[in-house]
Structure formats: structure tokens, C-alpha cells
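See below for the structure under consideration.
Lettered A, B, C and D in written order, each chain numbered from 1.
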């Protein structure tokens, strides 16, 4: 029995699935609010190996890279995601390299992993090349315990049951500068391929963009020594970023809001 | 020490992350090959509640819906994903409703869940509104066991630790017709929003498309009685599709290849 | 080709698997050191429904129960588990009721869930009736953010893809007393059944024990209002503990060391 | 307000948590029914390294080992677990070595991993030294697909985000003998340590037992070539079992029922 009622043209939502009430999208409309605990490790990689990861017209500024392990909590402006922590919490590993665009220093992200679909989708929309992966990082507590040695933080990344990275930071300085390259203002590539036959090389979206955030707050930055091992298999391209020299480790908190993005150039 | 070597413009890959060798993309280039075991349940939903889920100019053909629980195995043409089953296997729950486009009957997918990022990304590219969710379905074995009663299949969907659906099929007919609506040739909406301020309502990609597959094989289709409960909370829009009447249940296998998509109309 | 070398009798380890070096046991030998962040909710349950959960000769002291959601970090004395946070971190939901043993007030634990095997095994050894379940609880940050409203903590428990509990605490008092019943000195039942035919009702271990810990530290205890819903299905026995009245919510940190247990009586 | 009703002494259940109705135990009372799909790989290990893993008075029969990757479906006699596949399905990796007890050939299990708590607990009760780990193995389908090459099966084991093993089997013989050592009639050690101070070396349960099963059915056994890599870190004792020579691979199904265990000797 066919029901020929005209279908609705009023589907709502910032992302799929778009629905009549618009409350089912995988991601709520911006603004998106974030607060997170960061363990970061600066290191030098092999310039010849990593330079080709920058999309033209970006240029490499230095061989300095930084990996950020972050435990985030998120909410949108209109929903109360923080009331369901399985939806609002996620963990992330971000790899950044030091680039520039038209002479302006700008980090670039070749690889990033999160452990949750909503974070993955918000990332794709901003140009982060997100994949799923499991980040674990040790926590600090106000109480003394052998289970949480003072100032020591360990972090690991595993993807599909394989360990990719393991790092460790022992801070001894309480009020240092931020690590570099920083993820604020990173250059990213937003990208949506076309599956239509003949168009596989002509993506529907392919654009160099710059991350924008507002209401950024940073706690005091603790700094110290670090170790970082890339245990990923040698045949994975991530191994091109294997540390030649580890520089320093950091611990801090960050809060920020995202509801904008800056297009730089079509690619 | 700055390294001013011109950055590469030769990043490769069908999806992000795009890299010098092009072997790190979350999804390999098509063709994509799939084989899967399906438990499907046909049911009637409330026409007034579900009609508004169809994007204009689609129209509703009937109130008949079908939910597909599928255990898939996947490989690309050029990679040997089947050698790493954690990457090649995934489970999926697809909800389809009965629509038409310009008079041609065509299923439409309002909701779908997978348990893996590669499947999620291939889905987004085809227009499937994929989110992460956990599908479990019982398996059949050649041996008799109380742990696998003959012809009985149970399936569940949980999302973020909440049970959304539970179904059950007892087949007694060995060679039936396929369930309807069928996912072959489904209408979908590919969609990529624009985060640039002022453009939140002007997506970069917003197009009604039709799923294309080739080299489709279907096993014999077993059919029988079914039960289906939507246990999702009443305030979730999925509850608009709660079964009014369960029609029949099915078990079969399907294999297919995807490397194309048919654009229908810009939205 | 048979190798008739006499097998070793020197297998080592505090738990299975016991091995020549003794470094592969699922749990390292005590002492076990813990530090954790707690969200706790006190409530009244139905006395007639819950009294039968106490093992004789325990008696019920009151209908007051308390559920603890805890994010733990753990290390043994001899290993450096904190360097691999995927092994040292886990989350737990503990349900306690108010009992007494020979006139001494003593909490009793009818249900508990953890998300990791090492924690499950350490629990079984102490008499905790542990099962696997997913606890999520919101975190506090030093920075202000809509993603972490000041003083608000939400917590949920899901088991096998079904939501069992959801709670919320808004603290407004910074230095309160601990919630009751407290998990320090809880009565538990250690239990190991015998699978040998005819002995299914004669467990090899069946003993009422009392939890012992040392070097206990408690942070200041924040207190406030709370909500608590048991969303578990009515046919699950956990629903016997559904809150009749929610009393108060708490947030605090705890650190402690375990390497002993006090046997009370054979059951 | 104290409620002095005498507590119940009628707690029921084969395992903890034991409750008034006895329907909440992590594991239901036996009989336990199993049916599973197996990928097995026989190999030779280094006799000097593995002999010390056998508990005296067992002796080593040969250096032949076998690893079994199994996808199980389970139900108890009295519950209908197969109706909730998230509870009834699990995946397992079993490592067996060739031992003997009083002159009778008997496999022994030094290491085993499952992905679910109910399976872990049933295992501990039988003496299996179970830990949690993620087993993945490719599936066969009736339809031809590049995603499931005929006769090819891949399997992997990951534990806490680290890859421990990767195997591959290509069968070409349809009706071979079972692999050896076989898990039927394996010798195991049931073990429950005592946490009471001073007793850490005097376990409450420490006994060599022999697995018993009934109503065993085995499908035809397919056999062929195999590869097996132990990718576990060299400092993990599992590396003592690294294959010196891979012998053959197998694919078959097995069904069996367990409700008994044979004690061999106290240890």
C-alpha cells in the first residue's frame, strides 16, 4: 500500500544523519567546546623523509615535530554532552610538523588518531586526517601514590591492536613556554573524494585550511625530560617520522571553542 | 634551523591522510570487495512518523521498512586486507525505508551503524549516514549444538553503551525471495558541511546519490518468522521507526564490488 | 622426537599463568598500590528487597546504599605498570549496602563491575564479585569550560551494551564527611566453585572475608546534590537496589595499598 | 534506622555474584555448550626453552606445539545466551604444548587469551590460565569473493594494544587428521591464591586437573600450509614459544559440552 504523501524537504542537522528534528546528527552544530589534559613531546625527525608530507605550497620550516597525547572532554553549545561522558570524552594522538604558508609559520598535521566517532567527524570537517586509534596516558592525582609518581606521565598509541608509539615525560619545571609546533592555527587539508567512476582523482572537496579557535585558555605549562619510541612497523609511513632526537616533554591543560575555519587555498 | 626545500605537491591517496607513498589513507582506492552474512527483518512502521525522513524530491512508497544486521569481510583490489582480519571485518546495522525517486522505487537509509573507521569512511563517501555502533549477530555452524539452534538467529545493536534494537529470526523456508526494501540501489545523501563562519547552512557537498555495485552474488535466501524490538529511548528519533508489525525474517549471504556511485540530484 | 627431560617444578607467580620466570601472571604479587578519583552517590533502597543479598551471618544495618564510580590508576610494588597506562588504568562501579558482622558495621558488596582483566582478577582474590562493565565519569579541569561545568560530575555504567545506571552529582560543599557505607573494611565473599561432577554445590573456596588496606589517604571530600537512575531491565536482580530516595553526592580522591585480607568465617 | 531482619543464608549461583534468585552469577551452572570455528597451526618450539613451563610431575613428550584461534558460540543448559550474542560469542587463542602425565600423552596450556569475562571465568574454573586478549580470524563464505579467498584463513592475537601473534593457513586437503597436541583432555592447573598476609605462597587451590568434555563433534578437518609469527616483545615469556619450524595449518568446527573436570594431583 503506497503512501504518496510528499516527502519532507526540511531535513535538519549540521552533519549526517539529517532528520526532521535535527537531533540525530553524529555531530551537533558548532560552537564546540573542549577542555583537555595534554602530554606533549617535542622531537627532531629526518628532514628528507618528512618534507614530502607537506602539501604544496607549504614549506618546511624545521625538522622539529611534536606529538600531543590528549584526554579531551567536549560539549556542544546546545546539547549537554558532558552529562553522558561516554559521548563527551575521547582521547587523541596528534602528530605535528613545522611548516609555513606564504612565509607564516604554521604547523601541519600528517597523522592523527581519536577513539570515538563524533571526534572523528568534527575532525574531518576541520581537515584533520583522523583515523581511529587508542590513546592511553597516565593521570596525575593530588594524593601521593606509587601508582602515580609525581611529575611522571606515560602515554601510548595503539591502532588496530598494534602499538605505534610509546612516550614518557618527567616534568621538573613548573612554568615553561608551550611546545612547538603548536596545534593552534595548524594548517590542515579538508578532503572529500568522489566515488563516481572517472572522478576518483577529482575530489569534491580539496582545500588547504587553517584551524581557528577562540576563547583559548592554557594552564601553566610544566616541562621536563622525555622519551619517545615509534614502535610502528617499518613499512608504515608513520615510521618516516621516527624521532632522531627527543627534545623535551610537557604537561598542561587547554580549553578552547571552535566554530570557524579559515580557507587558505584550493588544492 | 629552517629547511626551505619546496614541499611536495605529490601527496597521494583516495582519502586522508594523503601521503608521499599513498599507502596510509584510511581507505584504499576502489574497487572495494565485500562478502557478508545477513540477518534481515522486514516490518511496518508508522507512515506519518517516517515520511518526513525522506529528502525531497523522494516520495514514500509504503510504510515497509527493513533492518539488516550484517557481518562483513572486506578487501580492496590492491591491498590484502583479508590477511589482517581486525582491519577487514566489521559488523553493521542498516535501517532502510521504502521510497521512490522520479517514480522509480528506491530504498532510503535514515540510520546506519558500523563498528570500524574504515567502513565508516567508505560509507560516508557513498552517502551512508554512518555512525559507530556495536552489532552482534549469532552465527550458524555445520555441527548441531544447543549454542546454535538450527535456523535461529539473534541480533542486537548497541550504541555508546545503550541497547537500541534486538531482533530474532527463525527460518523455516530455504529458498525465498529477498527482503524488501533492498539495499541494492539505495538512495543516499552525500554530505560535507562547511565550518567556515556564515556557511554552516551551506554544505560543500549535499547531493542525492544512488548506490552502485557490481558482481553481486546472493546465496539462497532462507525465510521465516521474526521478532524485532526497538529498545532505544523514546526521545531518540530512531524511535519514530519502531515496528508496528513485524513481517518476516531472512538469512542469506551477499558478495559485491563497489567502485562507482550515481549522482541523482543536488540538494 | 620425544624430549624426556624432567619437567620443571619451579613455576612462579602469584596468579595464573605461572611460568619459569614468574613475570607473566595476570596479576603481580602484592603489595598493590592504587590511586583514584571517585564520584559517589548515597541512596536508600527497599529493605525487603535487598536484605536477602547479605550472606548469613551478616545482618542489615540500614537501607542506605552507596554507589561508587571510580577512575583508578594502579601499580604493583615490583613492576612499573604506570609506564603502560593501558594496563594500569581502569574504571569501576561498586554497589555497597549497609550490613554488620557480629555487631560491627560493615559494608557488603552485592555487585561490582570493572573494565579490565587484571583488576577483575585482583578483585576475585579479595572476594569482590567482579564482572566486566563500562564505567564512564566526567572529569574536572583547572580551566573553565562549558565542557566541564564547575562541580558537576556525571557517571554511567553499561554492561554488554546495555545501560545499567546513570548518575549525576553537583557539589557545593568543599570539606564534608565521607559517604556511607564506605568501601574501607567491606565484607566480601571469596569463592571458587568446583566443576567436578557431584561437587557443583561444594565450592573449593567459600569464605566471608574483610577487605584490608593500608596507607590510606583521602583528599578533601566535596559534597552536594545527586541524581541516580537504575536503567537496568526489571528482570535483572540489580533492579532490587533501585533508589527509593537519593541522599547526596560526593567527589574525592583516594590512595591505598593492599597486601592482606582478613578471613571472617567459612560459609 | 536499622533493619534487623536476619540476613538470608540462601544465596544461590555457581559463581559470584551469588544472589537470592541466583540469576546474576557471571557464569550459569554447567552444563556449558559450545560450538566453534577453529584455525589451528602446528609448530616446533625450542625444547630447552619450553620444557620448564610444564608443572611437575608432567613431562615433555615432544617440542611440537599448536596454537588454536577459535570463534566460539556458547550457551548454558538453563539460559538462552544464544539470544544475546554479545554474551554468547567470544574469540580465543590457545597455546598448547606436548606433555605427558604418568606416561599418558596430555597437552598442557601455558597461555590462553579470551575477549570476554564469562569465558574467562569458565576458563579459570577449569584451570585454563585465561587473560583478556583480542583474537581476530578471517571467515569463510559460500560465495566467491576477493574478500574471502578460498581456503585462506588469517588470524591475529593482540593483548593490551600490542600484537602478539599473526598466523595464516591455506588449506588444500579436505579430510585430514586433527592437529596435535589437541585441546581435548588437556592438563591444566586450577589455582586460587591466598591474599592473607603470610600465605601469599600457599594458594587455596593448586591442583593439576584434566579437561573433560562430552558430546564432542568434529567436522571434517581441512589441512594445508601455514605461517606463524610471534611478534610479541622479546622480554615477554611467550617469546620462549616462538616457532622454530611451522608444520601445518588446519580449519575445522568443533562442538562440545562441559560439566565435569578430572582432578589429577594436588600441587
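Just so it is clear, contacts are C-beta pairs under 8 Å (C-beta built on N, C-alpha and C of every residue); 3 or more make two chains touch, one makes a residue touch a chain.
By chain, with names taken from UniProt: A, B, C, D = Acetoacetate decarboxylase family protein.
Just so you know, these numbers come straight off a predicted model, no measurement behind them.
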item	value
Chain pair showing more contacts of the two, A-C and B-C	A-C
Chain of greatest Cα-centre distance to subunit B	C
Cα-centroid distance, subunit C relative to subunit D, in whole angstrom	27
Distance from the mean Cα position of subunit C to that of subunit A, given in whole angstrom	34
Between subunit B and subunit C, centroid-to-centroid distance (C-alpha), Å	39
Contacts with two or more other chains, residues of subunit C listed in rising order	84, 86, 134, 136, 156, 158, 160-161
Chain contact topology (line, ring, star, complete or other)	complete
Touching residues (chain side subunit C, partner subunit A) in the complex	33-37, 71, 73-75, 77, 81-86, 88-89, 134, 136-139, 141-149, 152, 154-156, 158, 166, 168, 217, 219, 253-255
For the subunit A and subunit B complex, residues of the former touching the latter	1-11, 14-21, 23-24, 26, 29-30, 47, 51-63, 84, 86-87, 99, 110-112, 116-117, 120, 124-126, 129-132, 160-161, 189-197, 200, 204-205, 236-238, 240, 258-263
Complex interface listing, subunit A residues touching subunit D	134, 136, 156, 158, 161-163
